[in-house]
Every structure is written in C-alpha cells, then in structure tokens.
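Note that chain A is present in both complexes that follow, paired respectively with chain B and with chain C.
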Partner chain A sequence: MAISPSASGVSGANALASSLRSYARDHAVHLLVIAVLAAYPGVYAVAVNSPFSAEAVALLPRVETMVAVLYFGLFAVSFDFVSGYTGYLSFGHATFYGVGAYLVVLTANGKIPLLPASTPFVLLLVLGGLLAVVFAVIIGAVSFRLSGVYFAMITLGFSQVLYVFVRDWGYLGSNPRDGVAVTGRTEGFEIGVPGVDSLSLAVGQLTGDTVELLGVVHLTAAEVSYYMVGIVVLVCYFAMQRVVHSPFGRTLVAIRENEERARAIGYNTFYYKLGAFAISAFFAGIAGGLFAGYRRSVTPESGFYFLTTGDALLASIIGGFGTLAGPLYGHLFDEGVREFLSKGGSGGGLLPYLRENVGQGTMETVVYNGMTVGETIDVFLNGRAALYVGVVFVLFVLYVPNGLLGTVRDRLILSDRDD
Partner chain B sequence: MVLRTRGLTKQFGGLTAVDGVEFDLAADECCSLIGPNGAGKTTFFDLLTGKLTPTAGTVELRTAGDWIDVTDAPPHRTAGFGLHRSYQITNLFTENTVRENVRIAAQAAGGDAMNCWHNAGAFEEYITEAEAILDRVGLAEDADESAGALSHGAKRQLEIAVALAGDPDVLLLDEPNAGVSSESVGDVVALIEDVATDHAVLLVEHNMDIVMTVSDRIVVLNQGSVIADGEPAAVRADETVQRAYLGGYERGDVDDHTEGAGGVA
Partner chain C sequence: MTSVVLALSPFADGIPLFLDALGAFFRPSTLFGVLVDGLAKAALYVMIASGLTLIFGLMGVLNFAHGSVTMVGAYLGGLVMVLLVSQETGDPTRLLAFLLGVVVVFTALAALGGLLEMGLIRPIYDRPPLSQILLTFGLTLILDEFARIVVSFYGLQPISEWQAALATKPAALGQRHDLVVASVSGLKLFEIACGILTVVVIWAFLTRTRYGLYVRAGSEDSEMAAALGVNVRRVFTVVFALGTGLAGVAGVLLAWDQSWGASVPLAVETLLPAFVVVIIGGLGTFRGTVAAGLLVGLIDATMTWWFQNAIAFTGLPEMTIFLVLVVVLVVRPQGLFGVEEVGGH
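Presenting the complex of A and B:
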C-alpha cells in the first residue's frame, strides 16, 4: 500500500505532490488499522463491563483469540508473500512454521546443542527464521524445478515427510506424537531488548507479565502478550511490505503474470522465486516461534501438518490472495466466525448467549414434530462451527474471489491499483 | 556483424526443423526472415534466444568487440547480452499496467532488480525510460491501462515496447503484424523502420508489403534450410523462392502498400 506505481510515475511537478498525497493516504490506512488493533483490548474490556456485556462477549473475539490471530495471521501473510506474489502455491508452508516453533520449544528444553535453555526469545525467533530459510533453500532448490500443481504437491510432500519425522523422533520428547511442551524453562519468553529487563515483557497465558501503569492502566497477561506479539508481527509485516514494493517484489509479480516473458526480458526467475521462498520462510519461522513462545508447546499437527497450511490458504482466500495484509483479516474473520459459533468456555458466542438469554418458555416451545426451540438451537449450533466456516469459504470463493481486502482495494482505489 | 550462427541445426526426433543455418546480422541492418509455415522461423528465434538448445552448431553474439558463444545460454542470459525478442502470440504481463510492463523490462537491464528494500518508484530512471519507450511506440496515453485491456493492435505495439526496454543490440521481431487490421499496417511499418534506425533487426513477417518495404536484406527459409539470401529485389526475382513461397507476388504492390495491404499472408 505504499507509493503506487501509477501515482509516482506522473510526469512533471505533479509527481511529488501526488506521491506525497498517495503516501499519506496509504499510510493513513496503516495507522488507522494499527490504532484500531491497539485500542482493541481496551474496547473489549469496556464492552464486556458495559450494559451490553452479554452481546459483547458473544460477538467480540477474546484477547487470547486475538493473540492467536496475530501470530497465525503473520504465518498466513508469509504464505501469501510467496503464493500470492509469485503464483507458486507453497503447500508445505507449515514446515517453516513448525521449524520456528520446534526450535523455541526444544531450545527451552535444552535439546539444541550450543544453545542454552535461557537463550533470549527474540534471538530464538530470528534463529528459527534463519533455520526456516535453510529448509526453504533446500526444499525450494528441488521444488522450483516444477511449477503449477506439481510444485504444490512436492512442497506438500516435503512437509509431510517432516511431519512424520517429528511425530516419531524420540529425541524431541517423551511422546513426540502428542507434541512437545516447554519443561526446561519456567520463566516466560520475553519480547523486547535482550538482556534489558525493563525493556522486555514476557508473553504467555500463564507465564506472561502483567503491567500496572500509574494505577490507571492495568494489562493482563493476555493483553501484554497481545501487544508484544503485535509489535513483532507489525515489524515483520512492514518488512514484507517493503519487499513487495521493491524492484525485487515487482519482479515477483511479473513472474506471476508471465514467467516465460519475465525470463525473456532477462530475469533468472529461479533465483527470484527461491529468494521469495526464503524470505517467506523466514517470517513463517518467526510466526511459528511466536506461537510456541505464547503457547509453550507444539504438536506435529500444529507445526508441520498440511492442515496448518490449509488454514493459511483459507485465510489468504478469504482475506485476498496477493494483497499481503489480507490474510491477517482473513484469519481474523475465520477465527471470529469460529469463536462466535463455538461452545461456551472457548470464548463464548452465539450458543451460550442464546441459552442464557432466551426465556425458558420460548426454549421449550415446540417448533416442529416435538422438537423444541432449545433443541433446534443445539442441533444447528452446538459444535457446528467448522461446518459454517466451510460454507462461508465456499461462498467466498464463488462470490468474493478477490477476498476481503482485494475487493475493498478494487472498490476504493480503482483508479490506481497496487500492481 | 553483431550476431552469427554456424551450422545451426535443431532436430525434434526425426524432424529437422532448422538445418545447418549459416546466418550473419550486421549492426545497422534490418533483415527479414521469410518462408512458408513450418519453415522453422520461430524455431530459429527460439534457438537464438536460448529457449531451445540446438542439436548442433553455434550462436554467437558480438558485445564490446568480442564474439561470445551463447549457444547454450538460457533466455535470461541472452537477454542480458542484448538479444531481445517480441512474440508472435502476444505475451505480456496482462494484469500489470502498460507502464509497468515496460518498466519491469527496463529494470531487468539495469542492476537494481535484486534490491528488495527500496520502493520501486524511487528508481526513476526505469520509469523515465519506460515513458520514453511508450512515447516512441505511440502508447503514451495508455500508460495507466492494464495491458490485458488494450486493443489487439496496441498489444502488438506493447510487445515491441517491452522488447525495446531491455536495451537490445539485436531485436528479434516475430510477426509484429500478426492479426493487425489492414488499416494499421502503415503504423507497424513506421514502427519497424523507426526501431531499425538504432538496432539490428531480424524480422519474421508474412506480409510481403511490409517485408519488401522495410528490409535491407531478405533470408528465405524453407524446410529448415536457407534457400536464398540477398537484397529484396534479388530475392524477389529468385526462381527457387518463387516456387517455394512467393507465388504470384508482383512488383507494384510494394509501392502502394495501403492498397495491397493484404499481401501474401
């Protein structure tokens, strides 16, 4: 969303004014989104203590859910970075998420040679990203010999091999099939400046820091995690955003549009694709590290399994392929719908709301053939979240093929498209 | 000379598509390659650019006074050496704007394409170059359109613009006139004559009016072999060429190419 090509290309004196205008406008959108996200925990706290408490609890995602939206959203954004911009569907992307996550947990358990259990978390995030880059270069060097569906399949193959490997490698933990939890480190994983306690805050539901400021602001562990994870996600997003709008990023779009011609005008597309794959893996590794640091455990299913990639694909399609920020909104939408339709205890939603707020008399009214309203609600809502998410997904593919953000951009910025 | 091939041969199984072609192209020359369908013209282009690897023979380019062998060089390397082509079937970055199509090609010729930190808009030399090229091919007004939305004729112009943006020494034009309506033939001729002033041009074209008008030299390919090579007038008079390809082409059609626009297609 930075300076758009068409705006900066206007000749003459208009160029500067127009690019400044477009710069301010595009970053105004960024600032607005950041402000809304930053205000969210406060808004949520106020809303659940207001007279509309029941409605707020039912409709708004919990702050804990929002933390997951942020780190998984970063993973989905990194997936879009390679799949949406080069057109090569990285169907084994969960590999890089898993590599980042496992590195954090295993280091904390003292299982990684040369890295002490007390290694600063921020350093672990970077190392997890770099390890993911190594995996990406190896996997990409083989996979980019293929294209289209064959590329998707071979990357999927690599991730499934690694999935089986981490499931059965006894070195990782006592029962690797059920995943590995952090056991060797009791203190929380701190995000901030390594070694400076006053500039670092721990994340995690139980191990996270809480903050008291001037007796007015009180932040729970979940809220602190939300802000600290949010800062990392924001930095990563802006880094990827810069790459997308750089000459390198434009070349990726050219490869997506017409790889043969991109080669004919002088680009060695193999290296550009491999570079994009490595950059994307780096940020996926960081996302995995954030996930492991916050949850303090990782399973083969949450790391290397193809359904993890599937969730990123879902987020990208709902949010908008090739929009970079879209998958974050897509995942927010996905999680929001899931939580809204889930049972009580996992964030509340429509079902507990109806159970508590619909009168006993109405609940027992027979709707059809002896079935009461209460039973009907149960049949349609209890544990059916995945079904409705599936329906929403189908509707999106059919009617909103450009996704949430893609459609908004098309409508609002029709005259100067991003690419 | 800027380009030469020696004994260039390409076989697909039992079929010899290009058969021992000896070809030279001078730096200031506009040479046309003609021949019936299936004569091996596009295969010859693919061999020059490196899209195909020859079965035998060599392709050499002259850069900075030295001959370099590009026989086995892939397309992105031959492009780097200054050999650029346009396509018979329009082959553009369709979702991108017209300007971006040319800018990305200009960027490939510069050294900044691996830069992944600065905004592409900050490299103004490529944007300026793209604007200048669009102006030259007559597409300046469509710069903000998406390439896929252009009319067919405009897409053919953009084809040439993208090839020009790579700063070529040798420009290979593969039927720039393909599918263009007869009224626009004059525009295509003017464009070819214009780019031939500062590039070595090798043109594949079926429209004899265009070929006879713009060429300094004509090479006739039939079944993969060169059967004639010379001045337009000499080639036109050649008996073998007459039999193989030209059919009833008569002098006179050349002089008035608005009427004889259909030519021998």
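Presenting the complex of A and C:
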C-alpha cells in the first residue's frame, strides 16, 4: 500500500525508481489483494444498495465481520509462522493472543502498575507483543527440549494453566469467568501516530471515529476500524513475510524438512526455533491487542482457551499450512460460512434471506413427520456452521493437504516450469 | 509490599485458614476420604485414557476425537438406561440396564471407530503424524455439532447435564456408606470397581490373548510384525475400534456421575484430562497410563479438598493437573514409562 507504481515518478533517481518498480512487480499479487481488500467496504456498500440487495446481504460478510477476519487472520498467520514453517505445532498459541488482549483491557481499566489508563493504543499493542515475547521465551525454553506430539502437548499444558488462572483470578475483574470489559476508559482506542490527533483514528463498533472527506467519502465506524486494523495487519504481515524470505526463514524450513541435517550443517536449531516462536508470539500479541481494542472486552475463552488455537489451526489448514498468507483466506472462509449460517441473522445470512424471499407456503410445507421446511432449516443449518466447517476441514486434510493457497501456488509454479 | 503481593495473589482469601486446614487434612477420616475420592477419579481417568493410549501405542495416532466419542457414549448409554429404567425399577434391574448400555455403546462405537479408521485414517498413515491429528480434530468438530443438533432436536439443553440419565442411577450408588473410618459415596466405590475391571480386562487382553500379542508386536515394530505374517492393517482397525469402544464405555459410567454427566461439553472436559494422563504416563504404554491415572487422580482429589476447605481459588484442581503435565514433561520428556523414540518426529 505504501509503495505504488506511481511513486516511482516522484523520486527522480533512476536507480530507486527501477528498484521500486521491481518491488512492485515482485509483489504484484500482494498489491492486487490489498487493492481488493481496500475496495471491499465500498463494494459492499454499493452491492447492498443495488437491485440484488437481498442476495448481497445474505452472501457477503459484513464489514464488522471483515474486521474480525483481519485481526484473527493475523493471529492465524502468526500461528502458521511458527507451526507451518518449523513443523512444531504450537498448540498453546492462544496464550500469546490472550496476553496481548488482556494487557490492553487491563491497562485501560488501570489494573497494570506503572501504565496509566490513557496509554496510547499503538504503544499498548507493541507492549502486548513484547509481553507475549517474554512468555514465549519462557515457555519455548522449556518446550523446545521436546518435539512432535510432546511439544504440542506441553504448549497446550502451559496455555491451559494460564487459561484456568485468568478464568479464576479475582483481581482481573468482578467476574473473571465471564471475561473483562473495558470500563475505565470511555474514549476509543486510536491507531495512528500517538499524540498527533489528526493522524489517529479510533477503532471500535461504538467508540470508533467516523470520517467525512470532501463530502464524497463517508466512512462508518466499522469501516474506519476495518482500514485502521487493516493497516496494522498489513505492516505485521509484511514484517513476517520479510523474515520468512530471509536466511533465517530458510533455516526454519530446513528445520521442518530435516532437523537433524540442519543441526549437522551447524545450525543451532534450538535458537532458531526459539527465535521463530518469539517472533510469532509478538505478532500474536499484537493480534490479541487489536481484538481487545476493537471489541473492548475479552473472555478467557476468546483469549487463552485451546479451541482458540484450534480456530487458528482450522484457518491454517484450509488456507494452506506453511504459506504465510494462506491462514488469512482460511479464516475468511471460516467466518464467511459462520456468518452465512449464523443464528442471529442480524448481519444477513441464509435464514433471514429465506424468511423474506421464500413464500410462507413453502416454509410451512411438511417434509417429514410433521416437520416443516422452516424447522428443517432451523435445525440443520441455523447456527450449525461448525458442522459444515468441520466437514470441509476433514475434506481438506484428506484431499487438499496443501490448502487453498498452497495448491494454487503449486499449480502456478508447475505451469511456470512448463513454459 | 507484602500486603500488595497478598492482595494480588489469587490465594489471598485462604491464607489465615491455611494452618487449620493443614491440621484437618491429616486427620485419618479426611485422608481416607481423599484417597477414595482420588481412586474414583483415577479409575475414571484410566477408563477415559486407556483407549487413547492403545491407539497411540500401536498406530502413533493421537486421537483428538476421543473425547467426543466419550460424549456420544454418555448420551447413547444414557438413552438406553432412560428407556429401560422407570421410577419403580429396583437396583439390580438398574445395574442390568447399565450393563446393557455398556454392551450397546461398546458395539455401536467400536463399529463407528472401525469404519472411521478404514474410511478416513487408513488413507493417510504414510503422511506426517500431524495430518492424523488434524483429521481427528476435524472429526471432533463434526461429532460435537452433530450431537448438539440431535440433542437439541429432542428438547434437551446441550450444555447442561442430562438429568434424566443421572436419575437412572441405583439408589445404593446415590447414598453414602460407612467404610472403615469415613463415609463414602456408593458411586465412587462403583467407579473404582469399574476402573479395576477395565484395567484387568485390557491387561488380560494384551498379555493373555493371541490378538493382544499381535497388538504388542505391532506397537514394537509394525513392519516386522507384518513380515512375520500378522495382518497389521486388520490389527490397526481392531485396536482403533476397541479404543473408541472403550471411550464410549467410560462415557456410560460418566452419565451417572453428577460432576460429569452427559452433555456436549463433556467431549472437551474428558479429552484434556485423557491427554494429560496419556502424556504423563508416556505415550503408548498401558502401564504408564494406569500409573499416571493414579497419580493425577490422587493429586486432583487432594487439590479439590484444599479448594473446598482452604484455598478460595476455583481453578485449583484443574490448574494442578496441567502443572503436573508441564513438570513431568520438563523432568522426564518421554513421560513416566515412555520410551524416548515414541511421539517425536
């Protein structure tokens, strides 16, 4: 987003211009994806007001959902960064997400010593990331003595200990089991340059800023949150992408493919694994901070619970294990299906669409033993996304082991070789 | 400074009581009660975990769907008992209904396990171990959601325990009985008996039958066993079926226990302790699983007593189990009875 082809003309220096151009060429797919994602709120707004409004509302995820796709996608990407690239399944990864999220909420409630409730959000994100790094170094130093299933289980053990701890520690809030909400800070969490008001915009469904530009562009709070969270996610993604393509990242792949050989060549694999774990925890912490800043509350289940890691695993497998960007698409798929089959139906989805557009007679037709079409949909589709996501997941493990992005890349590379 | 630390500590409320409680804990009646409690928990843990350890020991598959199978078993067994038992049914008939439930659940879930192994897991044995974990993880999602659909279709709350199944318990198991120095609940004694029976049956199967010999040979070296004429593929299927059947049987027993009960979250509630027990014992050793079950059960019971009497931190027992897991893995990475090569890459 920062570098576009048009920027090359401004610099004047030929060398810089050509390097920028080659950068843009290398990242053509990235630029395309960023453009699509940036255009999404606009497309959604247009589609919802078009003649196909009902279909658009039912099919397209809301912008609010897309914000969740972005921050949880970042968490899934960070999970894939360590699990997909080193082959060590970090089954307690939710710990780092929870650490980042709880740091934001607790600071805003004035519960963290030395940090005032008004600490800038961007600083909190970085601090949350760094705190997650501290946790990762401690957990990793112990856990990386093990491998395979034992590694997955010891990280799970650590995260469950912390989960039970935050669930039952009365200091965190009046009812820690139900989570903690931001109560000590009424203004929104601002992403931007700290201290410069004109360069910061608040995120949040209720507390977010809205933007009016030249009377043409009106951005709602959700759309502002989408762009601001998107910028942070983008920066984090490129940072991780840079690491993956560095010699450090190649070593991680070497560890995944054959750790003994990597060690025989002379790499101290322990430090490489620990480094990857810490980097991944840093970005997971930031993702957790974004989540807490946007939702303004956090529960032990959304933070530390092992099924949160499970969701990241789901996203990684569907999107492509060991392809950095894949988990983002994987999670988009997951959230898309969940919203399409959601129970509330406030943001569109299948059920409200059918209720409005299918005749009452059809809905009340009896299918079997006094059960109407409407009831059948209610029982088997409404809020049952986990069933279908599970089926898709199993099918992916069996038939598409490389995931969406991995398979596409394999195809493209093969066709390149044919040329 | 100390007061600040105390105020921050989750154990703050308990500290004045601590010494009194220490005295009370070492009374014979308390110790005996905790011991029975611990053995009952250990019996349940061993029952939940033994299927998991058999499957892992032979095939190297960490079955994430194990807890879900236990949950399905609890519902299915509960269904059998609810159908057979009415208000007036006497204790012996209720026990017979339980036995019938065990037989039905074992047959049904062993069949399900066999089908799953042949249809889904067999094609991916040559892939890295991760794929099998992932596959069974996907099965968990499907089984849990499916159970939720069926259960709510019949008008039950999927997240709370199935009271009708709890009520089919014989009266003798619901009462407390005086034993030696303390009174203990009948259900706990029944659970201990079931646990011992399970251990003996599995042990006899592994060491006294020809098929058990195949299983042990396959766990040791499946290629060599195949070369010597054992149909290893069939052994795999049979053991997977046995493992899931055992998980289901544990579920039937849990359907009677007030603190577990048949509910959809039971899947996760049993999966995690089962993992802990199997890992602590050492992956794939049945002896280790039994020892670890005892260890975890006794620690759990002790911590539960401390939570009830002195330390006002609700998560104490659950947290201690996972702490034991972490400590054991730090001290002995391969588990108590494990062999180093198993479970690594």
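By our rule, the second predicted complex is superposed on the first by the 379 of 419 C-alpha atoms of A that agree within 3 Å, B and C clash if a C-alpha of one lies under 4 Å from a C-alpha of the other, contacts with A are read in each partner's own complex, and residues count from 1 in each chain.
Just so we're on the same page, contacts are C-beta pairs under 8 Å (C-beta built on N, C-alpha and C of every residue); 3 or more make two chains touch, one makes a residue touch a chain.
Predicted model only: the values in this text are computed from it and were never measured.
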Would you sort A:R409 into first (chain B), second (chain C), both or neither based on which partner it touches?
neither
One more residue to check, A:L387. First (chain B), second (chain C), both or neither?
second
After superposition on the shared chain, which partner residues are touched by A:K273: those of chain B (first), chain C (second), both, or neither?
neither
After the superposition on A, what does A:E257 contact: first (chain B), second (chain C), both or neither?
first
With both complexes overlaid on chain A, does A:P401 touch chain B (first), chain C (second), both or neither?
second
Could you look at A:H245 and tell me whether it touches chain B, chain C, both or neither (first, second, both, neither)?
first
For A:V161, select first, second, both or neither according to whether it touches chain B, chain C, the two together, or no partner.
second
Using the touch definition from the top, say if A:S19 reaches chain B (first), chain C (second), both or neither.
first
Per the contact definition in the header, classify A:I265: touching chain B only (first), chain C only (second), both, or neither.
first
Which residues form the common part of the chain A surface touched by chain B and by chain C?
none
Residue ranges of chain B in contact with chain A within the complex:
49, 51, 74-77, 79-80, 84-85, 87, 91-97, 99-100, 103-105, 107-109, 112-121, 123, 127, 130-131, 143-144, 146, 162-163, 165-166
Looking at the complex, which residues from chain C come into contact with chain A?
7-8, 10, 62, 120, 123-124, 127-131, 133-135, 137-142, 144-146, 149, 152-153, 268, 272, 275-276, 279, 283, 313-315, 318-319, 322-323, 325-326, 329-330, 333-334, 343-345
Provide the residue numbers of chain A that touch chain C in the complex, in ascending order.
87, 89, 142, 145-150, 152-154, 156-158, 160-161, 164-165, 167-171, 259, 306-307, 310, 313, 317, 379-380, 384, 386-387, 389-391, 393-394, 397-398, 401
Listed in rising order, the residues of chain A that touch chain B in the complex are 2-9, 11, 19, 242-243, 245-251, 253-254, 257-258, 260-269, 275, 279, 416-417, 419
